[in-house]
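One structure, as structure tokens, below. Some questions next.
All chains are identified by letter, namely A, B, C, D and E, in their written order; residue positions are counted from 1 within each chain.
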Amino acid sequence: MEIIAIILLILLVGSFLTYFVDSFNKKWTGTTAFLIVLITAGIFFTKIKSGYQFNFQLAGLDLQWGLTDYSYYFVYIILGLSVLALLYSIKYMEGKARLGYFYGSFILTVLGMLGVVISQDFVSLFFFWEIMTWASFLLVIYNAYYKIKTKGIKYMIFSAVGAYAMFTAIVFIHVHYDTLLISEAIAKGAFNFEQYIYIPIFLLLGFGIKAAVMPFHVWAPPAYAKSPMSFTTIFSGAMSKMGVFGIGLVFTSFYLSSNPENFFWVRTILGWMGGITAVMGTIYALIQTDAKKLLAYSSVAQLGYIIVGLSTGTQLGVMAALYLAVIHAVFKGALFMVAGAVEKQAGTTDMTQISGLIRKMPYTFVVALVSIIALAGVPPLGGFVGKWLLYEALITESNNYILVVVVFFSSTAAFMYSYRFLFGLFLGQEEKETEHVKEAPATMIIPMIILAIIATVAGAYPGLIFEPAAKAMQAIGFQDVTWQMSSLTNVWGDTTDLFLIAMLIFAVFIISFVFLTLKGLKKTRYVGTKDISTSGELPKEWENLTFQLDFFKPFERAAAPLYKMDMNKIWKDLGKNLEAFFGFFRKIYTGNGQTYALYIVIFLVVLLLFRDVLFS
Amino acid sequence: MTEFQILFEQHKDLITIAVYGTSIALIVIGLYAVLMKKHLIKIVIGLSIMDAGIHLLFVAIGYISGGTAPIFSRGNENAGARMVDPVPQALVLTAIVIGFAITALALSLIIRLYKHHHTANIDQLNSLKW
Amino acid sequence: MVITPVHYIIAPLIAAFAIPLLTKIHKDAARVVPGIVLFYNVIVSFVLMKHIREHGMISEVLAGWQAPWGINLVVTPFTGYLASMVSILGFIIWLYGFRFKRTLKGGEIKFYEILQMMMIAGSIGIIITGDIFNLFVFIEIVGISAFSLTAFYRSRDGAEAGFKYLLIGGFASAFLLLGIIIIYTQTGSLNMAQIAERMPDVPQQMKIIALIFFLVALGIEAEMFPLNGWAPDAYSQAPTPTSATFAAVVSVAGVYALIRVVYTMFDVEGVNNYLMIMGFVSMLIAEIAAISQKNLKRMLAYSSMGQIGLVLIAFGIGSKLAVFGALFLMLNHGVIKSLLFMTGSYFIYNTEDKKIKSLNGIYKKLPFVSFLFGLGALALIGFPPFSGFWSKFYILMSAADEKYIFLIIGILLVTVIELTYYLRVVGRIFFAKEEGEPASHKPSVNAIIAMSSLALFIIVIGVYPDLIMPHIQSAAEALLDKSNYIQQILSLN
Amino acid sequence: MEGIFIKILGAFLTAILAFVVGMLYGGLRRKVIARAQNRVGPPIHQNFLDLMKLQAKRTNIAHGFMGHMAPVWIIIAAMTVLMFIPILHGNLWFENLTMKGDLIFLLYMMVFGSLGMALGAGQSGNPNSAMGVSRGLAQLVGFEIPFFLALIALMIQFNTTSIAVLMDHQEATGRWIIVDNPFAFIAALLASLGMFRYAPFDIVGAPAELASGPRSEFGGKYLGTMMTGGAVFAFIKLVMYVDLFLGGAGNNNLEGLAGTALGLVELLVKTFLLYMIPVFIGLVTPRFRTEQAIQFFWKWPTFFGILAIVWALYKNGTIG
Amino acid sequence: MFKKLIVFILIGVIGYMLTVTFSNIPLGENRIGSLDNPETVSAFYLNKSPQDLKVANTITAIVVNFRGFDTLGEVTVLFLAATGLASILYRKEDEEEEENIKHFAHRLNLPSSSLVRTGAKILFPLLLLLGIYVFIHGHLTPGGGFQGGAIIATGFLLMLISYKGFQTNHKVMVWLESLAGLGFVGIGLYGLIAYGSFLQNTGWTGNLNDLISGGLIPLIYIFIGIKVATELTNVLDILLNIKPRKK
């Protein structure tokens, strides 16, 4: 039996096994799931190398599974993040109901994602894509005790529309090019906008919805925020990358096979969709009061960057997108874990209700700090590299000057919510309500710290990520992708030496840390947050000194026109109107038997009268 | 040629109109009753009338000018060529029984409905709808 | 004794006539005997399928008169496939309803069992008969049983649904008879093969009028819009095993009859388009109506109508791949919808309410049943790795082969509607806040076996469809090979 | 080995220069404002005195780890940015790491300090600090847009993202970029008003109502370090503007120390003149509310920024 | 009113279409074709019925033998109708139900006039006799099992409406019904086992127009007659006894 089939089988059986372990002993559910995925990852990384291929026949179709460097790149994200998320999950999910359900669906989701990237034919792709979709749907609604109608269903409807759009495209590829293999379709130019424009458009729609591109992003924030955080780590970190995976595949093959003029509009439109996604995600993120929602919107914005990067179609841009895909998975995974830890320990992530957790959860805070710096794109952490690549790609190679400003606006505004996240949860006044909060257990901290370390190392040695990314790009058709271990160079020859920067910052940090803080440590008096000077007076215990509500009200007022574009409402109205329309239609079934009889007679008469038109 | 056959050949159009017309009229009347009458029993009667019309039509198309009943009674053993088509008659026999079954069931249902609703008006029987 | 197709009919008939006597001997006989008979039918299916794989199709003559003269029963790979499917599903439904008596609020159990069994037997009869009038008789057998079963529960709604069904069914039989009359006068035969052989000589006008009557009459049985007013009422008011039978067996027989008439008997152009358009309209309207249903069984009923619409679309496309997909979908729909009705019935049984609203959080009370319901819902929508995926896949593929672009998009959009309401229910079952006391009625062992076997089928076929595909393939070939059908039947004399 | 020594020494020199000049400019500003308001005003070296006082405080009050670390972040940001900005063009001592980082890096690095301080301010629990931070961040989003537009205009006009290359270009052509692309300069200058946070954009600190905003809970050596950092940053910004638009300094032909001295003088003159612009504008204008400030930056400065890009494209030959 | 107009138009169209269609099928035309070389089923039946089956009444031959399977189905339909009726019109004691039918129960309980009762008493055995005669001679003369059964059922109907107290013997009815049905199927099975085809007639058929002729056909028709008679009586019995009664 093929090793890949065994791996998938392990996951499938593991999913059921976890379910049964849960009904047997709830304590071991999480550990079982973790071990299963760990073993899978171990087997996968040791046994399967890039270039592996497996052909077989099922249901009368020639199917092909295999791994290119490109898909292997995404396997790193999927399996790496899944293992960490499951390790985290053991304690995070402890004591919750329906654990078997949760972990079973979790493993199925991992199976789906793995299947998507190993598929080299469209049928398997769709097959696994759908498994991934519904398994994740089950997880999205896991927490939704209320409002099942709006939250989970929205995700599912959008996903389904996307999946079916993709399916339509697949069907047309089959019709027009007579192939179901992805490589063959690429070779035949199936993704070209010049020939059958609806094929790539439907494909992009399918992948784009998964990647939460404007205007189909509305499912993402509630879905991310409502799922259990250990799953959102995967959801936002890895599953949304499946959309990126697809867009990268489709788009690259397109612009590598046609001259740039032909795809100017396509590129521009996709780029702008990404840009607007980034802006919308950002500005909605910064008005959230729930940390999970904030992160959810932030994810949407980050995905927007990735789309922008892919849309450039240049080497640097695609590299930026691939790099961002990984680094986003890393820091956003860590942040969702942080949010989960806070939720687990403090009971809520509503920033208007908790604050000042820094002393209670120091490790969590450090992870949050590092990840947020990476998220904001501030050097010397990994996030900056992605930003740099993206801007340089847009400015130097793609000449998309207004778009770069839009992206820049979004990433500047990202400082606001980055700060808001840290401030809202960890800084600010320490209130009595949070006194009971303890640091999260070690199994939750360890994966977070691993991710934080990755984000840090990537800041100095981005080449560690560039190497597989460059291989991946070569696998989808780029030639001679250049990269350096720790410095960035654009086509104009301007470089940024990251290693130097990191070292400098580290040196300055040591020096200033020693001289500025350690030196006078004995003279420093630490006080509580109630001990502050308000116009020279010490505040009383009962005085409310928390500033959390309407944090960025001035910005909100300034950017009021941007907030008026509420896609959410548009979709909701559409749904409502459609349902009203449907409700009108079903009145056909009046409930009166005589009316039904009348329908039959009318139908008969119509057939009789139009018989010459209908039949011949 | 029998006497009736002569008569039939003479007035063929008229008889055709009479026979087919009656059958089709029955069908149409039955349809009308089913579609317009509000009383359940009347609707069932309409259904029966429609069935009757169809059965009549079926038997009528089996008629062959100058044919006799398809029974090889004594002294008539070799009259096969002069007989009317027996198949429609046999089939109509079956159809009638089926019609009876449907009517019986319909009536029983009406009894049930009347027990529950205290009415036999079809317009008031629409608690199941949409 | 050699097993022949007529055993399908005789065994239930003997049982039906004997049950009133047997109940006098032992009161459980009424419940056990149908099971034995239906299981016998399953055996018959296997034997016959094996036989036709080895020796080709069977055309059994009755009363010793060869094919065009007497009535014949035909088991081709196509009819054999459908008959096997119907008999197996019939047996599983019986197994599910074996302890039905406990829940019975209706008439006597023996009546229920006789009617239920004869409904399944009649459906098999519709499928295997080769004679158009015999088809009519079997349709009436199914009809009469179905009317009675619909009104079986002693509620006012049951009688109402039954009456509506009967009224529409009366129309169906009347129009079918009219069609038969016209065809008989034109061809002088009642054997479908011979009618098909003589059809080219029939004047076009007569042919079309007859076809229209057939289309309307059989469209009623096949739940085609706008002829399906009876369906939601009947499905929702009948006892659950009956509802499952309607979905899994009766509708299959109805579609079979329509397809047999359209594909084999007539050679009229444009019917394919008609089927495709009406199938799509049926599907669309049914799903639209389903989305805002408040009653679970009614929702399932509309969903069934939608699925049948999809089957009709596939038959309308008419290519080999499409027919293959349609046959696959018929099987899947039968299995999945039975499962949904069975599990749904346990919800209703426990909540004492057919409303979807009262399903909130029932997962906690009935975990296994809920799990199966979720499985069925996902499978019906067409998610992999469940069997429903493949049938939809092949139908859409076939539509693509014929370049029906808008049809594909339409079907997929309608699927989104379908998905919406199913997942709403699933979400409610699993995640809404639960109310009320713990479940008072746990599923009995036989019901669990029945439901699990259906679920197992769904998963196994979903993961490895090759298990069943050769049979469906040969069934599709047999349906499309009209000349072979005619030749085989008529040259056997 | 010698190279590294010179580098390290140069870095120290640069730091001292930046510190001294920045502090002096701060004092100068206070003096200018006082004189304009018809006051005597503090002496120019007042800031040094303040700093000494603050550093000499016996006890320092900190609200926790982040508050404790806040000055460190500022110093890190200030020093790092300083190292990557060419103080004198082509001068061995003041070259530092200028070729190793480009404008986008600088843009992001400059935010580092503010964010670090904001985090420290956040931990203090003083609502005034948080409010100040909120306003500051919002304002940041406002002025970064025109500034970034101006930078992009320069980048695409001269096909480089490196500040050193831009200076080379100015030296080679002998034309300042303010001539080559005046609109970019206007946009950047207007953005600089927000960057300096002087009136009318001083609502972040808002001494009267927010008790000096983010800094309100800092005292002693913390405040002292912050002041140092702020002074260095002021110098950095000015040098950056001079480098970008006004041809930089040190483009003379003199060798050795004389050249360096002349270059320094040139730099001081240019920065001082540039510095006076926001100071004088601040003198004569009242304070904007945050949203007004943001809206201001999104109107005319942004317009000029876009104009600059169009101009750059025109000059570049891409359009027209 | 609008609806009425529409319905008139609709049924007008249907009537017109039917008229047009059937005007193409001339009444009285011979569509059977030659009996010696049969092309249509009718010709075949008319040919074979006297020759092979020795059944004088061709219709009986068709109903019972050529298309016997249809008849089996038809009997089943009747049986199912009776079963369905029984399941629909339940007789359980139910106070609510009783309340419901009270207002028309009194009319049902009125005794019939003595004229009717006496007439019924006289006619009942005659009708039974006539019915039995009709189905025994089904293969010779017009009529047969169905007709005979219907006549018998009419006799029972007469008794049922004349005498309120008249009740059919339920047990006997059930036995008769089941055994008749089983008999029919049993004869069919005999054909299947002995000759390889369900319902196949025996080789021995006697002479045309003899009472004992046609092989198993008269026997089947007798079973059908009994079956029909009991089913119809059953249906009438159930329909007439809507009032609750003790089980």
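Please note the rule applied: a contact is a pair of C-beta atoms (placed from the backbone, for glycine too) under 8 Å apart; a residue touches a chain by one contact, two chains touch by 3 or more.
Given the structure is predicted, the values throughout are model-derived calculations rather than measurements.
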Graph distance between subunit A and subunit B, where chains that touch are linked: 1
Other chains in touch with both subunit D and subunit E: A
Distance-maximising chain from subunit D - centres being C-alpha averages: E
Most extensive contact between chains (C-beta pair count): A-D
Between subunit D and subunit C, distance of the C-alpha-averaged centres to the nearest whole Å: 79
Rounded Å distance, subunit B centre to subunit C centre (Cα mean): 30
Whole-Å gap between the CA centroids of subunit B and subunit D: 102
Gap in Å, rounded to a whole number, between the CA centres of subunit E and subunit A: 73
Contacts with 2+ other chains: residues of subunit C: 133, 137, 140, 144, 147-148, 151, 159, 162-164, 167, 171, 178, 185, 190, 209, 232-233, 289
Residues of subunit E whose C-beta touches two or more other chains: 7, 10-11, 14, 17-18, 25, 31-32, 41-42, 45, 67, 70, 73-74, 77, 80-81, 84-85, 88
Where subunit B touches two or more other chains, by residue: 31, 34-35, 43, 57, 61, 87, 91, 94, 98, 101-102, 105, 109, 112, 116, 125-128, 130
Chain-to-chain touches, reported pairwise for every pair that qualifies: A-B, A-C, A-D, A-E, B-C, B-E, C-E
Contacting residues of subunit D [partner subunit A, same complex]: 58-66, 68-69, 71-72, 75-76, 79-80, 83, 97, 99-102, 104-105, 108-109, 111-112, 115, 118-119, 122-128, 130-131, 133-135, 137-138, 140-142, 144-145, 148-149, 152, 155-156, 159-162, 165, 211, 216-217, 221, 225, 289-292, 294-295, 298, 306, 309, 313, 318
Residues of subunit A defined as touching subunit C within the complex: 58-60, 101, 123, 126-128, 130-131, 133-134, 137-138, 141-142, 144-146, 148-149, 152-153, 156-157, 160-161, 164-165, 167-168, 171-172, 174-175, 579, 582-583, 585-586, 588-589, 591, 593-597, 599-600, 602-604, 607-608, 611, 614-616
Subunit B - residues contacting subunit A, complex: 31, 34-35, 38, 43, 122-123, 125-130
Residues of subunit B touching subunit E in the complex: 8, 12, 15-16, 19-21, 24-25, 27-28, 31-32, 35-36, 57, 60-66, 69-74, 77, 80-81, 83, 85-87, 89-91, 93-94, 97-98, 100-102, 104-105, 107-109, 111-112, 115-116, 118
In the complex with subunit C, residue positions of subunit B that touch it: 34, 40, 43, 47, 50-51, 54, 57-58, 61, 87-88, 91, 94-95, 98-99, 101-102, 105-106, 109-110, 112-113, 116-117, 125-128, 130
